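Next up: some structures, all given as structure tokens.
Next, two complexes with chain A in common: one pairs it with chain B, the other with chain C.
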Partner chain A sequence: MPIPTEDARFLPADQLTSLVAGLMAIGYRCIGPAVEQGAIVMRPLDTPALPRGLQAEQQPGSYRVGRDPHDRYFAWANGPQAIKPLTFAPQEAMWRVERNAAGTLQFAAVLPPAERLAVIGVRACDLAALALQDAHFLREGRRDTHYARRREQLFLVAVQCAVPAATCFCASTGDGPTPTSGFDLALAELADGFVATAGSDAGRAVLATLGLAPATSQQCEAARQQGVAAASAQTRRMPGGLRETLMSRLEHPRWDDVAARCLACGNCTAVCPTCFCHAEADAPALDGRSSEHARNWDSCFGESHGHLHGTNVRPDIRTRYRQWLTHKLATWHDQFGRSGCVGCGRCIAWCPVGIDLTEEVAALTGGSDQRAPESGKGAA
Partner chain B sequence: MTHEPIDAGPPHAATVVARTQESPSIFTLRLRLDDPAAQAAYRFAPGQFNMLYLYGVGEVPISIMSDPEDRDGIGHTIRAVGRVTQGLAALEAGDRVGLRGPFGRGWPLQEVGGCDVVLVTGGLGCAPVVSVIHYVLRRRERFGKLVIVQGVKHAEDLIWREQYDRWAKLPDTQVLVAASQGGALWPWHVGRVTDLFELAQFNPARAVAMMCGPEGMMRAAADSLLARGLPAPHLYLSMERNMQCAVGRCGHCQFGGAFVCRDGPVFGWDEVKGLLAHRGY
Partner chain C sequence: MDATRKPRVAVHKFSSCDGCQLAFLNLGEPLLELAGRVDLVHFAEAGPFDPDAEVDVAFVEGSVSTPEDIERILHIRARSRMLIAIGACATAGGIQALRNGADGAAWVAQLYSHPDAIDSLAHSTPIATHVKVDFELWGCPVSGPQILQVVNSLLLGVAPRDNADKVCTECKRQGHPCVMVTRGVPCMGPVTRAGCGALCPGLGRDCYGCYGPAENANTDALAAQFRALGLDAAAIVHRFQSINSQAPVFLAAAGKAEMTRDA
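Then we have the complex of A and B:
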């Protein structure tokens, strides 16, 4: 579904700063794009002015920051991380325990501060990934308190991707490039401003304070067309229905082939917006009186993920790569009713040796990882 | 009042009320939650497990081997192998641990009344199966024959040896033990567990089998039992995977789409047989 026409407003380009300033004024810490260490990352904004003209070229094993010739705000596809670290912290204390002289143990939860964050520039793929993280961490009857506290405070300003990276394939997974749900506000960037739609009461309230004119039907149509064009510009694709196909090829020789290339570095799981694995560890204080129990992001590529005393469930790279791919694309269906891949392409760009999961899937299933040019699926 | 399982949140403090050395490396801790209300409300099913926390070191999943109707304490039989379990082995009565649980799905003991019960274990006398033996013996009239099939590597590995001798003397109870390496005065079979199924006396059509131990052994045992005519829906096993959270969150215990901590550790054979054939899940 494209951006709904009825409630859409038009935000002139020079008023984007007012939107950010407005969010800051009502108490949000705003997170937006910045270039750091050669990548576009999401960082707290000191001022309401967002950088313009950022762009990045992404290829298997390669990410290069560049410049958008049209000097737009959001002509970059996603960087290495977006929402995941803000809700599922890479490292955080869960509880602590104190031991007194008599040896009695006192346990207490350690809760993160509940900070109101507004994230500006969230992509459709990341909203789809967030919905999956919600399904995992906020499961009925087993809500994760730490995740929930952060999640409840998030205000999400989504943007339509007009310029997908070469690694993107969200159109084929049905998750992008136009955001359709899960946001408070969504923007589609046109030459002179943004078509803005609200997706929540909080978003409607913020939009109302800006006093904007309704977007014209031409502006809405231009935004829709832009989404269709961005979808057709994607060259990679992920086929559907992989659950049975992959699980029936668990002894395929391609697993050995990819294992010979894979370094088991875990970059793919670290950048993947849907991976949820974490390890728990204790850090006792030096005075011996207390200890803190924390969790840290973990990866199924690591040695300890499958550790059982005296043996390892996945002792080699072949079984680890197979765990990653079959979890993401096959058994995720059993757990969450859909694939765990939202087509963001991060694991392709950030793989040091350029392993491309769409290519591995094509080799495993005998299909094609290329989009047929005419099968252009519009904005989902 | 129903007792909510203690969540991923902080464990409850518990005190070691008794400690028994079962074999050079195996010991049993009897624990009691420090909060009397929590102890009184604590309920579990055989086959479920707790996360035991050793101060300053970490947590490990350990099956509950005491009787579910024993409300005064919680029993765990543990083999000292690594960081946490070796630390737990050093505890004495009066020492404190943390405890979260119970977690997971236990054995289907409510549904199998009237059936012959075949218990197959390998390794070191698996605690999950010992809890079932106790359960059946205390409610003997509800079940048919009880067949205990236990395989160990070395004769010395059989813990509760006197108990096995005692069980063997009970009516309608058959104890079959095999060690791949026998020892002096070893009264039982020397060889593989699966050799023993020839000797097992039970009615396959109305028996239920529960297994735990090394996966290769369980696969071989499943083949033998199914070949004897045990219906596949009557075959259960307890699985072991790395566990850190026990609430289906940390991802370590995944077995295909299942989270062993939450969907298991007890599974029906049909649920796991496909993936068990592939090393790496």
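Then we have the complex of A and C:
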């Protein structure tokens, strides 16, 4: 789906700072790209000026920050994290219990501060992943208070991916590279500025304050073409309809092959924007009078994840990798009505040994992990 | 434990650098809190001295490295209801166990003007080689939070939690980008036990495995990746032969890498 053109505005490149400053002025803490420890990470912005000219070269097991010769703001596909740590905290206290003077235990929820956050530079894959996290954490009757409080405060400025990484395959999962929903504002970066569209009342209000001219039909068309080109530039693919095939290959020899290469470090699950597993742990105070109950990111590659009373149902790397892949791509359909993969490619780039999910799936199903030029569905 | 009296605790030292005892001392205020809940009967570095005391819990730092050490650890075990080995020396023999694969006597002859004054065993071995150990805390040194967690669990009457997950688990929770992926440095995090809070990757450097092997540590796959990153066999051997050289998983990994060295 192309960017809706009726309400599109044109934001000149030198006014991007005004947009960020405007968000700061109405009380948002702004999160945007920064380079830290060799990666593009999302961090609180001290000033409204975003860094220009960043690029990220991604390959299986490799991520290198580079320079965009055109000095664009968003010529990088993604970094290790985007929205997930902002809504589903990596480690946080859930509740506290104290023993009062009478010896009675008193429980109290620990609620996170409800901070208004504007996240600038999220991608279509991140938005698709957020929709899945919403489906999990905001389930009818099982609403997660901690997640909900943070989620309600988010203002999302999405950008179209013009320069996909070699690890990207969102065109084949139908989740990108152009954002189509789930944002407050969406930007498509052209040579001299951005085609900007609002996706919510909050977004429309912010856009209105900038007093921008409507985007011309040529600008809208250029943005649309850019999305089509970015989709065609993706070389990896993830086929659809994997549920039955994968579940019929649970004893495939490829699981042993991948288990020999996999470190079971859990990096793939940590960077995956849809993974939501967590473990809970108690931290009693030393005086023995209070204790805090925490929730921490967990991984199906860890030992305790498969631990049932007296036994471990996934004792080895083979069964853990199989759990990760078959849950993500097969049984996720039963839980959420779609695959759990949004094509961001993070699990490929951030695997220290460069295991490629699309390659493993191709080996397991006898299909191809290469994208034929005409095979893109949902592109742009 | 008898609820009417405080549990009696001892901290013993064997062949070690004292760094794990410092993890106790560096606790600061929590140490005072702890001292109020237990009866600290022996902890030479902190003051109380009664090495022969019968205790409920004995923390043991250091490896067994001399003939006298063997006698002493048997003596301590017989007087302790529960024995907890703390640190890389006590759990894997420590850095001094590098001599296990070398001619230790030759080293002694080279280094000391009176080699005959040195009375050490050929091998430095973990406490569990000699006596039953009830719980092991890995790390070089162990961290204060680990110590507190164990003591707290025991005071509450529950088994301490044994976290054998990888350093990567803690590293990713803290949001550090993977140093192997961004810089191609040979990080031991994917085969090393959590517990340090991903201290080294948090400072942008590679983990060197001071917490010992994690569960399901795929050292073959990591060694293969180290080769792909440009390390030769000798460098890979050194990655595994460090603080925890005698931990069986690391010892085997170093042995395999050694076999691929050019003749």
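Note that in this section the second predicted complex is superposed on the first by the 370 of 380 C-alpha atoms of A that agree within 3 Å, B and C clash if a C-alpha of one lies under 4 Å from a C-alpha of the other, contacts with A are read in each partner's own complex, and residues count from 1 in each chain.
Going forward, a residue touches a chain if its C-beta (ideal position, glycine included) is under 8 Å from a C-beta of that chain, and two chains touch if they have at least 3 such contacts.
No experiment lies behind these values; they were computed from the predicted model shown.
**Q** What is the contact status of A:V41 with respect to chain B (first) and chain C (second): first, second, both, or neither?
**A** second
**Q** Between chain B (first) and chain C (second), which, if any, makes contact with A:P352: first, second, both or neither?
**A** second
**Q** Between chain B and chain C, whom does A:A222 touch in the aligned arrangement: first, second, both, or neither?
**A** Neither partner.
**Q** Of the partners chain B and chain C, which touch A:A363 in the superposed model: first, second, both, neither?
**A** neither
**Q** Considering only the touch criterion stated at the top, classify A:H333 as touching first (chain B), second (chain C), both, or neither.
**A** A:H333: touches chain B, not chain C.
**Q** Going by the contact rule set out at the top, does A:P284 touch chain B (first), chain C (second), both, or neither?
**A** A:P284 contacts both chain B and chain C.
**Q** After the superposition on A, what does A:A131 contact: first (chain B), second (chain C), both or neither?
**A** neither
**Q** Taking the stated contact definition, name every residue in chain A that is touched by chain B in one complex and by chain C in the other, in rising order.
**A** 281, 284, 288, 298, 304, 320
**Q** Per the contact definition, I'd like the list of chain B residues that touch chain A in the complex.
**A** 7-13, 34, 53, 55-59, 81-82, 85, 94-98, 240-242, 244-245, 247-252, 254, 256-259, 274, 278-281
**Q** Which chain C residues qualify as touching chain A in the complex?
**A** Listed in rising order, the residues of chain C that touch chain A are 30, 33-34, 37, 148-149, 151-152, 155-156, 161, 164-166, 168-169, 172-184, 187, 189-191, 204, 215-216, 218, 220-222, 224-225.
**Q** Would you pull the chain A residues touching chain B in the complex into a rising list?
**A** Touching chain B: residues 94-95, 97, 99, 103-109, 136-137, 139, 142, 144-145, 247, 250-251, 276-282, 284, 288, 291, 293, 295, 298, 300, 304-310, 313-314, 318-320, 322-323, 326-327, 331-335 of chain A.
**Q** Using the touch rule from the top, collect the residues of chain A that touch chain C in their complex.
**A** 36-39, 41, 61-65, 79-81, 85, 90-91, 260-267, 270-271, 281, 283-284, 286-288, 296-299, 302-304, 316-317, 320, 349-353
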